[in-house]
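Input: structures, listed below.
Two complexes follow with chain A in common, the first pairing it with chain B and the second with chain C.
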Partner chain A sequence: MMQWKKTMWAAGAVLAMTGAAWAQDKPFAGVELKMLGIGDTSVTRVAPIVGEFEQATGIKVHIDQLPYPGLIDKIIVEASSDSPTYQLLWVDSPWVGMLGEAGALEDLTSRAKRDAAEIGLDDIIPIQLQENTWQGKLLAFPASGMVWSTNYRKDLFENPEEAAAFKAKYGYDLAPAKTWAQYRDIAEFFTRKKGEKLAGEVLDKDFYGTAQAYSRVQGAITHDYFPIMRAFGGDYWDPKTGLCAMTGEPHIKAAEFMKSLIPFNPPDYLGLMWDLRTGYMERGEDAISSYWSVRTVRLTNPAEAKVAEKGLVVGYAPSPTVDGNPQPTYTGALSFAINSKATDKEKEAAWVFIKWATSEKLMRRFAEEGQGVSQFRKSILSDPALQAKYPYYKVLLESQKNARRRIFHPFYQAVEENFGVELSKYMAGETATAKEALETACNAVNSQLSIFPVEQRLRWINDVPAEVLAK
Partner chain B sequence: MTPSLREKFLTYLLVIIILVVFMTPIYLILVSSLKPSPIMFSRPPRFIFTPTLQNYYDLFTMRPFHLQILNSLLVALGSTAFSLTIGTMAAYAVSRIKHRRINDVAFWILSMRMFPPIAVVVPYYIIFKTMGLLDTPLALIIVYSTFNIPLTVWLMKGFFDEVPEALEEAAQVDGHGVIATFFRVTLPLTAPGLAVSAVFCFIFSWNEFLFALMLTGSKSQTVTVAVMSFWSSDAVQWGRIMAGSFVILIPGVIFVLTCQRWLVKGLTMGSVKG
Partner chain C sequence: MSHTANRDRRIAAVFLIPAIVVLFATTIYPMLYALWLSFRNYDLAKPFIPRIFVGLANYAEVLTSKAFFHALITTFKLMAMTLSAQLVLGVGIALLVSQKLPGMALARTLLLIPMMISPVIVGLVWLFLYFPELGYLNYFLGLVGIGPVPWISSTQWALTAIAIGDIWQWTPFIMMGTAAALQSLSPEPYEAARIDGNSRWDVFRYVTLPQLKPVLVSLLFLRAIDAFKIYDIIFVLTKGGPADATEVISLYIYRQSFTFWRMGVGAAASFVSLIIISVLITLFFKQMQRGQAARAR
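So, the complex of A and B:
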């Protein structure tokens, strides 16, 4: 009897100790989180393996994938609720200013500092963290890094006949454009009609020098215009008033330059937006094109891009500048954030998920498995084996050394909408001059901004670097 | 009078033109849904290619599309049934009550339909959040009914106005009460109106996007949101969107065809007074 009692006590003690250890090992076991996500690669790569996360931490994560149009509205509505349905939020970096100003996102600064070694904070390209900050606070964490870079048909550029003809016509060697003037020359040179020859082959359809977004839908044209505008020396805001200042000479020149590229674009240029324009490069139907790196990842995958299937070679280069000297690169980030209205326990559990979903281990796994995620970690982008597999890694890494963040203002949407419409109208010939188009757009933005005190407007445009990056 | 050959030719030509105009988008949706992604936007457009069902496979494997179809059916049929039940009885009352302000009441009911949906999204969100109804089909059934009931009232009021009150009086002389008269005499005579109302309610509920986006998550997500969720920040997956669009056309077509017999009658009823 005594022996039996002793055995029971021992078993009880072992059970209690195991339970305590388990509780310590999985402090958030049983917590359920919902993520307001999107069908973007930053989410779709993670969604199928959240079971692994649950197994490791005991935290159950359910990801809802909603359409990009309307997602920001849903986040805003969600942020208005004191007991949110979604604890985790997917955010596009230009939204951070608006959501930060609304207090919708949890400040991750102290957590990032506390867990700097675990998350490899130094391994993350600084601009990708900066993209997710507002007024010195880190409000989201990069899950996919975006860089505006150039893709070109390397096989055409390396064709001896084409190279010789180009040099004869323009007086310099055919190479990836370092300046926008060269970009225009290249686009002009490679624009060919059906029946003409390209790299020795007779074309069975028209071939285009470039394919840019000129569509006003969802402000698509602004994605192409802003990198050019910034390369020409233009900025968004007046540093004295905090109002829209995109009506100066650099802005006008940039718009006029973009219009000068129209003859080298497909005839449906006014309808071209994001993926429709990158589709031309993916099918091998244009010579040079700059875009976000989230689409560049498709170019090495035959299932997504015909150019890879056809065996055509795509080359990668930094986005052109005006004088050929390095200028700040245009960046963005697709990120994960925590709803500020979640409970403390949910917030901590959500942070555990973010650390896991953006970890070097997982990002490396995606890269090795061949799944396209636009990477944001130095260790992955600089890995020689991965650079050989994904030739654009080197460009993404190099071009972010001198990067400058994308527009981060709370009125980002107003800028994108108004400039999207007015610039597209100018490109279509509906507005006579670039100046008129830019002034109309700027006035519309300023009519909304001017109701705010100048101090507030200046605070918005003079956003300070994230504390977490301060050395 | 037998139509001449020329008249016949013109009639058929007109029918063909109308068919081409209305069927072209559906044909393009179908063709695009069968195209592999890399040739989706080939120039010139390719109409001869090896079709693939990959987009349909992705639709049902990447997302629980079959459940989303069920959600949409539940919401659309639920709202249609509820709106017809309430709306028909309300319309009968509005049609039969003799009061100098009854037209104002009728207009007030119609004005509910004039609300811009975006204006009521946040209040609805907060109400359903408080009631614990977010991400449930019931929330959408309630919201859609607030738009469908006024429409039903107005459509059915016109049909009830057409039914002679003498018929109801005769039924009542035969011993029927008001309710029995309504269900056994008046309502069967307005069957075409019910069909028209049902079609409009169903189509509105089936196609609605804004409320479905805002008030649902994964549990009760409807097909319109599910299809659009293939639009992400880095790509619009046109093949899957087209496959989804084609699939969601089917229940609507079946429903309209089912109601067609009464629909034509309903749409033309009262157009010629004899």
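So, the complex of A and C:
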């Protein structure tokens, strides 16, 4: 009997010690997290393997993937709740200012500094971290780094007949557009009707010079308009008043330029959002198209882009400018953030997840497995083997050396929505002039902003992106 | 009043309490809360904005907003398109399926299916049909050399495309109500008309239609209320676009409340539209009643 008791005590002690070790090894075991995410590459790559994370940490993560339109609405409703359902939030970088000013996102600064070596903070392209700061705080962590870049049908550009015909018509060599004027020429040149020839083949359907987003939905058109506007020298805000200033000559010229591209677009241009417009390049149905690199990554994946399956070649280049001289690249980041209303334990568990999901190890694995991710780590983007596999890596790496982040403002959604509707109306011909459209949109934004003191408005527009946190 | 009667009243009151509580919680309280919101500056996304009382400012903003009146006009245009088509088609199909022909019972059942589908699903079905490059409609039109038609991405077509989807879904409602009314019509006037040698059109115009009128008015009334609130199918198909071609009142209210997060303005717009539709429907019914009274004299 005594022997049996001793055995039981010993077994109990072993179990307790194992349990303690396990608890130390997996301090957040049993924590369940929910993520409000998107069905895009920044999430779709990681979502199928969250089971591995649970195995390693004991933290169960459930990701809900929603379409981009309407996602911010759900995040705001979630953020305004005192008992949130979602502890992890997927955020598009311009939302950081909006959600940050509302206090909806947990400050990650101290955690990032504490774990700088573990997460390889110095390995992250600085602008990608800056895309996630608001008023000096790091409020989200990049899961995909974005630049606005150009994708073009390299096989068509290298076709001798097409190249010669282009030179004969425009007087210069056919090459990736360095200026927006060249971009327009290329779009015009390659716009062909069914029955015409393209690279020696008779077309069985129309071929489009370009496919731009002209849809008002979730301000899709503004994503195309803003890089062009910046290239034309336009800015968002009046530095003296902090009010909307997008009514000047550069802004008007940019809108008029965008309208001049309409004849070279598919007939459904007014309904084109990000996924629909990139679909044309993915199917090999347009010649040149500038868009966010998170969609570019699909072009090398045959499961996502017919163009890769068909053996057509896509080339990659930085976004055009007005005079051809380099200018700050238009950037963005798709990031993971923590709901500020989650419990302390959930927040720490969520940070463990973010570190894992954005780690160099996982990002490299995605790259090696052939799944495109718009990478944000220097070590991956500069890897020669990966650069050979993903030709757009060079563009991503080079173009971010001189970059300026997107519009950051608590009223970003008001800007996106008002300009989305008014620019779309102008493109549809419902508003006579670009000036009228821009003034209507600006007035609507300013009617909301003007109730705030100038100092507050200036604080918002002068938000300085935080420097690399590892320093 | 006897003691028993008083006790019965008290018991009845006790039994009514759950219903009153549910009614208050689900209808009266939200409505009062919306009314309270409509007088306040309430931005859900920006808690740093003081949520203060602003009097009638939100109402003034709505009533001076071009976008609101554009949405109102678009709503009425859509109502005119859908209600007229649903009425004509619904009555026509009801007359057809009321014939004593083989297969009509099955046809009646099948025709009711669209009405039973959730509007979001209806939106998705039509989205696949309208899809510019890959949609079935453009595929079939392409076979006869037409198109592709930018159904939901052209300011000329989008409202019509929405109307087609709504007509497809709700014509069976008019059909069902009309078919039921046709079953209950008295046979005597028809016999008299036949003896008098009237044509089928005359019988329909002077015998059937007058008898159906009260039912048709009720059906239209119900459809009009529903059509004024149309939201789901537009949200799925166009989200108010392209440009502002399909932005109806519900979308305007949604945008104010859940895109700009100006809950006060959204609530004010809801009450303004409620008043407008109530006044119009009241006027419409008064006109109908006057017409009926005149005919009775």
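What we mean here is this: the second predicted complex is superposed on the first by the 441 of 471 C-alpha atoms of A that agree within 3 Å, B and C clash if a C-alpha of one lies under 4 Å from a C-alpha of the other, contacts with A are read in each partner's own complex, and residues count from 1 in each chain.
The criterion applied here is as follows: a contact is a pair of C-beta atoms (placed from the backbone, for glycine too) under 8 Å apart; a residue touches a chain by one contact, two chains touch by 3 or more.
Bear in mind the structure is a predicted one, so any value in this text is a computation, not a measurement.
By the touch criterion defined above, A:Val421 lies against chain C but remains apart from chain B after alignment on the C-alpha atoms of chain A.
Within the superposed three-chain model, A:Pro250 lies out of touch with both chain B and chain C [touch as defined at top]. Applying the stated contact rule after C-alpha superposition, one finds that A:Gln413 touches chain C and leaves chain B untouched.
In the superposed pair of complexes, A:Pro328 makes contact with neither chain B nor chain C.
When the two structures are aligned on the shared chain, A:Asp40 is found in touch with chain B, with no touch to chain C. In the superposed model, A:Ser215 lies in contact with chain C only, and not with chain B.
By the document's definition of touching, neither partner reaches A:Pro27: not chain B, not chain C. Touch criterion met: A:Val77 reaches chain B and chain C at once. By the document's definition of touching, both partners, chain B and chain C, reach A:Pro69. In the superposition on chain A, the residues of chain A contacting both chain B and chain C are 69, 73, 77, 80, 266, 279. Chain B makes touch with chain A in their complex at residues 37-44, 63, 121-122, 125-126, 129, 134-135, 210, 213-214, 217-218, 221, 225, 228-237. Put simply, chain A touches chain C in their complex at residues 69, 73, 76-77, 80, 98, 101-103, 214-217, 266-272, 279, 410, 413-414, 417, 421, 424-425, 427-430, 448, 451. For chain A in complex with chain B, the touching residues are 34, 38-41, 62, 64-70, 73-74, 77, 80-81, 83, 85-86, 92, 205-206, 266, 274-276, 279, 282-283, 285, 292, 294-295, 298, 303-306, 309, 334.
Interface of chain C with chain A (complex): residues 44-49, 132-133, 148, 150, 152-155, 238-245, 255, 258-261.
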